[in-house]
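First chain A sits with chain B, and in the next complex the same chain sits with chain C.
This part shows the complex of A and B:
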């Protein structure tokens, strides 16, 4: 492919090939402090469906080692988002070494808080706010659970901020590095936040899961314990490779929910949520 | 080196990977994934000296293939329970792993392919529908086409396990010019420990050859030829010529054996046949990203597959219907 970016996020190496320069330039810039793998775990292809579509109304198709047949293309202006989606897709469909939980995570004193919930629950925002408070960001999209050790491995890709979360984080971290504003994506406006130096430097270090949090944004403050049975069911739904890992996945997940407490919290704003999380963790 | 040939060399001579540069490793894994040979490759090169990144990919691929094997055997057991006393012959990957054949080691297995007597196909269909399988293709034309002209039922998928089953009553479409002896396949089949059967080894080879050269467009051909290579190595080829002739597959079988040798056996001076180079060009049409290349060659084989499968009038009617529905190759 014409343009290539290589980067390692946590324990996973990617090679992104692209028919256009701009998405690769954006990756090279935003991921400039990340290591480059010698042999990537996954390949992502960002390509024009027909040669002339490279120049004429360019639209970016997402492919790679693992593909879904009807992935919708994105306009070239959203090429960075296409690259991120391509990498997420490889993880969701192809990751077999770790149990993949669709969750964000942050770590303090070797103890990790995992946060999972539906889109809009505030996974990315809470992880970014914790990072701004001095926690080590482990990731805003996937937590990688090692079936052998039970430890959580970090996957600190660019933090994907959506809509109202963007001004919140721009105010909380005025000196941080942000990607371009991507307007009119399928999920509204998206702006990527580069994890801080500490998150990148420590990304190879796993942490002990200490709390499984099920946050919900937009409600009066409330908190309740989540029993292991409920946590188990909700986390199987939040895992893209639970079925494929079979017995290893079942063992890893039952061990997690048996040994780590679960809490559901409702919160009306970030400040309240931070106070609740720091009191629990 | 062409990355697909790099993969063939790694399967033929696993120790050759110890000399690979990082970019070659990357291409090797990309092509192996695209050709669905990553599990096979991983089991071949496991334990050799290799970079840590490569060793991790290999370990994951082996774990994944092992899980695929368990799931495939379970799916066969589910079909056995659903089909009662209908004789069932396992085909392709599931048969290889059920019988513990070398072709099954690390093999990726997608659908469950089975062969049942043609006279009991309606009974098999009803039993599967009652046991939770459902139609995949709701299109009435496709459905009618399968039933009238194909060698299998329209594909069924299980609504809970999300796994497909292809129920065959012979190994080539009814419209193909070659008509293998389906009853002979069933009569010569071999019982397995799990209560099901597999084809006898020569018929397994004939099936692989039929699938490759008398039916398909050679997509996934590297894996099919690896099957041929392993089966021929494990069982020998005694009586194969006669059996292939019996099924009308002499040409396809000879070509399969020649090409499998060319790709996967040490050079032994096997004479190449007419057109083999073109077939190899199609089989190895991958770039270092695992993407298909050689568009015209692929298109030619795609057209050829339809030509072989259907008489001209039927082909014309089929293409016309598909074109009106907006399908493009």
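This part shows the complex of A and C:
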């Protein structure tokens, strides 16, 4: 591939090869403070389906070690999103060392709050708001659960802010670094927020899970305990590799839900959610 | 008369949680989330039993809401289909 970016996020190294310069330049800029892997764990390829489509109405196909057949390409203007999606795809389909939970996480005093839920529940926004409050951001997309130790490992990729979360975080962190506004993506407008220096510096440090949170945005404030069996079922649904890990996955997840309390919270805005989370954690 | 026996203990990882119990079936790699009286049935079927004797054991040991042999047979069919119980 003509252009290549290498970066490490938490314990995972990526090599992103690309037919175009711009997506790699965006990665190099936004991930400039991240370490480089010696040997990548996963390769991502961003390529033009036909040679002339590199120049003519350029559209970015996402490939790599693990691929979804027939995935729709993205316009070159959304090349950064394609790179992020490509890295996510490698994790979702190829990660074998950790139980992967589709969740955000933030840590304070060695205790990690894991937040999971459907798209729009507020995973990324709450993690970013906690970071703005001085918590250590562990990640906005994946939590890596070590089946041997039970510890949560960080995966602090760029925070993917969508639609109304973008102005919220621009106001909360006016001095932070943001990527370009990507308009008209399949999920609306997306703007990436670079995790702060502390999140990057501490990304190799795991933390003890202390709370499993199931947030829902857009409701009056409410809170209820989530029993271990419900947490287990919801987390198997939130894991892309639970089945692949077989008994290791079962052991890791049963250990998590037996030892860590679960809470569901409904919240109408970020301020309310932060108060609820900081009271619980 | 059909006799039933639980799958060998070494093939099952049974983890009681709250009201529900998790069973990881090593032979198939499938996780089952079960309610009472499934764990009790598996425990009783450590030795081969027919339906009548199994029902009597369960009724003696637990408060069965519905001591109905037909209902128990249906449960056993489901467990056999899942591989958690064997028909002998």
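Rule of thumb we're sticking to: the second predicted complex is superposed on the first by the 281 of 281 C-alpha atoms of A that agree within 3 Å, B and C clash if a C-alpha of one lies under 4 Å from a C-alpha of the other, contacts with A are read in each partner's own complex, and residues count from 1 in each chain.
The rule is simple: a contact is a pair of C-beta atoms (placed from the backbone, for glycine too) under 8 Å apart; a residue touches a chain by one contact, two chains touch by 3 or more.
Bear in mind the structure is a predicted one, so any value in this text is a computation, not a measurement.
Judged by the touch definition given at the top, the superposed model places A:13 against chain B, while chain C stays out of reach. Of the two partner chains placed around the shared chain by superposition, chain C is the only one that A:236 touches, whereas chain B remains out of contact. Using the contact criterion defined above for the overlaid structures, shared-chain residue A:246 touches chain B and also reaches chain C. In the superposition on chain A, the chain among chain B and chain C reaching more residues of chain A is B. In the overlay built on the shared chain, the residue A:218 is in contact with neither chain B nor chain C.
When the two complexes are overlaid on their common chain A, residue A:45 makes contact with chain B while staying clear of chain C.
Once the two complexes are overlaid on the shared chain, A:37 sits against chain B while remaining clear of chain C. Judged by the touch definition given at the top, the superposed model places A:65 against chain B, while chain C stays out of reach. In the superposition on chain A, A:258 contacts chain C only, with no contact to chain B.
Counting contacts by the rule stated earlier, residues 246 of chain A appear in both its interface with chain B and its interface with chain C.
The touching residues of chain A, counted against chain C in their complex, run 227-229, 232-233, 236, 243, 246-247, 250-251, 254, 257-258.
Touching chain B in their complex are the following residues of chain A: 1, 13, 15, 17, 37-41, 43, 45, 63, 65-66, 96-97, 244-246, 248.
Residues 13, 15, 17-20, 22, 24, 26, 29, 31, 33 of chain C are the ones that touch chain A when the two sit in their complex.
Of all residues in chain B, those touching chain A in their complex are 22, 25-26, 29-30, 33-34, 51, 53-54, 56-57, 59-61, 63-64, 67, 70-71, 289-291.
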